[in-house]
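In order of appearance the chains are A, B, C and D, and numbering begins at 1 in each one.
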Amino acid sequence: MTELQMKEQVLRMSGVDPLKCMRCGKCSGTCPSYDEMEYHPHQFVYMVEKGEISKLMASDSIYKCLSCMACVERCPRGVEPGKLVEAIRLLAVRRQGANHLKPDDIPAMLDEDLPQQAIVTAFRKYTK
Amino acid sequence: MKVSYYPGCTLKTKAKELDKYGRKSAEALGITLEEIENWQCCGGAFTSASDEIATKLSSVRALAEARDKGQDLVTLCSACHNVIKRTNAAMAKDADFAMKANNYMKLDTPYNGETKVIHYLEMLRDTVGFDELAKKVVNPLKGKKIAAYYGCLLLRPGKVMAMDNPENPRIIEDFIKAIGAEPVIYPYRNECCGGYITLEDKTIATKKSNKVLHSAKVAGAEMVITACPLCLYNLQKNGTEDLPVVYFTELLAEALGVKED
Amino acid sequence: MQKIGVFVCWCGSNIAATVDVKRVAEALSHENGVVYSTDYQYMCSEAGQNMIKDAIKTYGLTGVVVCSCSPRMHENTFRKACSLAGINPYMVEIANIREQCSWIHKDMVQATAKAIILGKAAIAKVHLNAPLTAGTSPVKKRALVIGGGIAGIQTALDIADAGFEVDIVEKKPTIGGKMSQIDKTFPTLDCAACILTPKMVDVAQNELINIYSYSEVAAVKGFVGNFTVTIKKKARYVKEDVCTGCGVCTEKCPQKKVPNEFNLGMDNRRAIYIPFAQAVPKVATIDPDYCTMLKTGKCGVCSKVCTAKAIDYTQQDELIEREYGAIVVATGFNPIDLKDYDEYAYSQSPDVVTSLEFERITNAAGPTAGKLLRPSDGKHPHTIVFVQCVGSRDTSGCGKPYCSKICCMYTAKHAMLTREKYPDTEVYVFYIDVRTPGKSFDEFYRRAVEEYGVHYIKGMVGKVAPEGDKLMVQASDLIANEQLNIAADMVVLAAAIEPDKSARPLATMLTASMDTNDFFTEAHPKLRPVESPTAGVFLSGACQGPKDIPETVSQASAAASKVIGLLVKDHLTCNPCVAESNELMCNGCSSCEKVCPYGAITYIDKEFRMPDRTTLVRRVASVNPAVCQGCGACTVACPSGAMDLKGFSNKQIMAEVDAICK
Amino acid sequence: MQVNNEFRPTIVAFCCNWCSYAGADLAGTNRATYPADVKIIRVPCSCRVNPMFILRAFQRGADGVILCGCHPGDCHYTSGNYYARRRMTMLFSMLDYLGIERERTRVEWVSAAEGAKFAATMNEFVETVTKLGENKRLEDLRCKN
């Protein structure tokens, strides 16, 4: 896929219109995972607009997003940056062999209290 | 009064208390929770991508069963609630998604978001009423300073969840008052604890959990209550602050005097 | 048979680019009755108008069709041109081939075909047009100004200056509005009270100006030049003409715990109060929600201490009816409620304040006597964070989609004044854009940065978390690409502004239109910015859109000049497109009278000569053309078809329908 | 090549001078497109529209008729749109009785600020009427040339 095709795919999956962004940066002001991310929520919006999808797909940032929707809730323009992160992450893990979480690694991660919710969510978020 | 009930996978295993006390309390309040037959796991996270259909079908199935019984669908786990309520909204509002999902499901009557999905807390507020609840309390938790932890799943996205003001909620605070305790308002009650990232990076989960717990502690809380098994695990296991975290249903059962059999 | 001329305008390329104007002119030239058809680049230009005038004379035209922009734009222009050339102005019809054709269609074939049909419809209508003559109605030479803020004050003073009577209706106990709450004004930093209070005194002393304070408009009837307005004067339980404003009652009243709205609830007043020292009228008012005497019948302290005997617990609301020639709306604005923005912790900490609250805190007459102290503990704040655009430019549904316009400048002012008075205080301003398009505005903002060292950060605050006695501010710095965490002592929110809540019901009473944000719409956004589309209703200040003080005052004066222009006239020309009853067909059933919103239809007994030379007296409808506004409700209600509307007659509209459906 | 004989409906839109006509102008100013099938007739108020006009339009071969006025409560003449609403309710039920599809007629409130709404309404209405096809039931064939 070309960058442009990937951009179109991301826009279609997420339903986000990056042109609505007025570059206020509230998403990055509110993001709880900001310091863990290489690219920050407002950069996701801008980079999608510019069509730089593969850079975002290659970055660890897509796995650092907590999916807490704070940026979606508080964006004054209804841009919903969190949905872009999610779409790009899906694009990344849907590639052959690109699952971010391997079933074989699971046993080592478990402890007796870990709720099922954590595992099923991780599978849904990081694998295809 | 009977309602459909979707417990979810975690409530059957690691979060049995959330489920057990929720059922007991509902009974004490005159509501029967009828478990959806053969429900399947909701997957724990709602994928907002519009081309994700299959991952949402288990929720649609539960929703359709409740619709067929003519009952509201009550959930208790914050994650299940988030997934099912958002799936329901998508079935009602996104015609394309609804058509595809219905094509997969081949239900006798296609499902288009008819069921009303309510969280157990909403049931307490809107069906029972907090004033009525307060009247039924036999062991008021007098003087206890309790911090409500909403996390991110219960309130967001605000327009879909529509349970309360997503930036200044009061439903759990009102619940705390109803069971005779004193709610503690603290700013991080609706910020993410980082539970989702616990398998990916424990240090982030610890940092985020501590931020929440610290915020509650500074505000004078003696205890934190939540509706989310993952939040509870994360705050207790990854958080290093010394502050107990319990399910809200446990306190409810205690207040109603039905905790011990 | 009419002799009709057709004039197709290119409007430069506005029409000509999508509509084949030559083809339209050619096609319409074959229509029945058309004796001349042409096209031209700009019909509204002088050359274009002369072309019409010449054609009228050369071809002896009796009717004119102009295919051009919307009639709302240039109908009057062309009517005037035609009447100068000697034909009745109401023999002109416009086919709207710009706004409703060339601008919305892309396909030239389709657009041209539509333009021809619209032209045919206009021609069909002109065939049935009749010359109309406008009547006149007298003008009541008094103006009403609704709202007593700086906008209303300035408008009233200017109108009175020209020698006309003005009434101001203000819902609060005093005039002065928002400006009376402000400390200093940008960009000159002169004190608001020093420039406002002399104007308030001028209003009080001007014999032509009459203030109805603590009053509201209850009903509006009539039309331009002849409004009848019912004013509800709320009971203030104090005789206005007796009270001397000495203020003893406001010191002795035992009910001390009433939130003081003038200081935005940051301190308390008594149940009987004068909002502030320079109030006009300087008369006490009893707050019935808090007065023990009014609620329980026991107390009466104010009455005992009043040496002027001004207190009257039995006072009732009073309705006053007054007549006006013109009405000016100056209802102003308020900051929005911040309940949907609690990520900034406004409801959680008293130290998170709105800019208007900050204004009161820094005002010498405010709750802290002008010392910058935190509301929570009265300590001096050392770090202040200002957040811009709280609820402005917000399309998420919680806030307002527009820019509130004044916040960039007042925030620069607050930041600068804070740094000037308290150099030990660090000031951060989070901004999306800094908008300073006013005279000396950008220079002012730059001074805040360059001379006063205010930290302007391009980014937005995402969360304010009160922790102990600090406010932890989490924000983005987009230029450094960092997330900042600032431990602040105070946070000031530049809340969006919205029209006053009283504006919406008032607009309904005035039948003046509003936009989707409840700002009043102007008759034309560029060319008629101070008039409402409803004749005789004028707009002053922030009720029309966000404005700062200099802009408000200019608009106020502009509105006043428009009012004066109306009031100097003895008579107004009426709209000639009014209803008309065919007395021979009327059966006197009263259906039309019942639907008329203006009471323009009455019934008269009229003598008719019958074919057999006897006479018969019948009851028939009669329309008062000065009162009729030409809506046409009666024409449809009339069961016998006697009632018709001039300029929009049944036959004319049917002819248009036929032309379109052919 | 596009075949040019596809059905295009004839649509008459009655617009009140103060709100909807201005709204239509605003749609033009904002270049919000809608099909050229819509032809607007300006009336002072929606209450000026006699049900006869609508019947006449159908008789003469219109395929759809839409009446646009100010929002309830915002009528320039205070109450005209309420009269219009009542009259059209009556007319529409009569048309229904005559077998005219309910979707061929519509009343919409469009304010002077709602250019986008005007265009969207017209797009939707044209699409609906196009789907219904030609109005044959009320058309008076004697009126055809």
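Here is the rule we go by: a contact is a pair of C-beta atoms (placed from the backbone, for glycine too) under 8 Å apart; a residue touches a chain by one contact, two chains touch by 3 or more.
Quick caveat: nothing in here was measured; it's all calculated off a predicted structure.
Path length between subunit B and subunit D in the chain contact graph, taken as the least number of steps between touching chains: 2. Just to note, of B-C and A-B, the chains joined by more C-beta pairs in contact are A-B. Between subunit A and subunit D, the centres computed from C-alpha atoms are 47 Å apart.
Centre-to-centre separation of subunit A and subunit B, using mean CA positions: 24 Å. In subunit C, the positions touching at least two other chains are 343, 397, 463. Contact of a single residue of subunit A with at least two other chains is seen at positions 70. Touching of two or more other chains is recorded for residues 167, 191 of subunit B. By the contact rule set out at the top, the touching chain pairs are A-B, A-C, B-C, C-D. Residue ranges of subunit C in contact with subunit A, taken from their complex: 343, 389, 393-399, 430, 432, 458-463, 474-476, 478, 481, 483. Residues of subunit D that touch subunit C in their complex: 10, 12, 18-19, 21-22, 24-29, 31-36, 39-45, 47-53, 56-57, 60-62, 70, 73-80, 83, 87, 111-114, 119, 145. Contacts from subunit B toward subunit A in the complex involve residues 8-10, 13-15, 41, 43-45, 47-52, 55, 77, 79, 152, 155-158, 166-167, 191-192, 194-201, 204, 208, 211, 229-230, 232-233, 236-237. Partner subunit B is touched in their complex by these residues of subunit C: 339-343, 345, 347-348, 397, 463-468, 472. The touching residues of subunit C, when paired with subunit D in their complex, are 70-72, 96, 98-101, 103-107, 110-111, 113-114, 117-118, 121, 507-508, 511, 513-516, 521, 533-534, 577, 595, 597-598, 629-633, 635-637, 645, 648, 650, 653-654, 656-658, 660-662.
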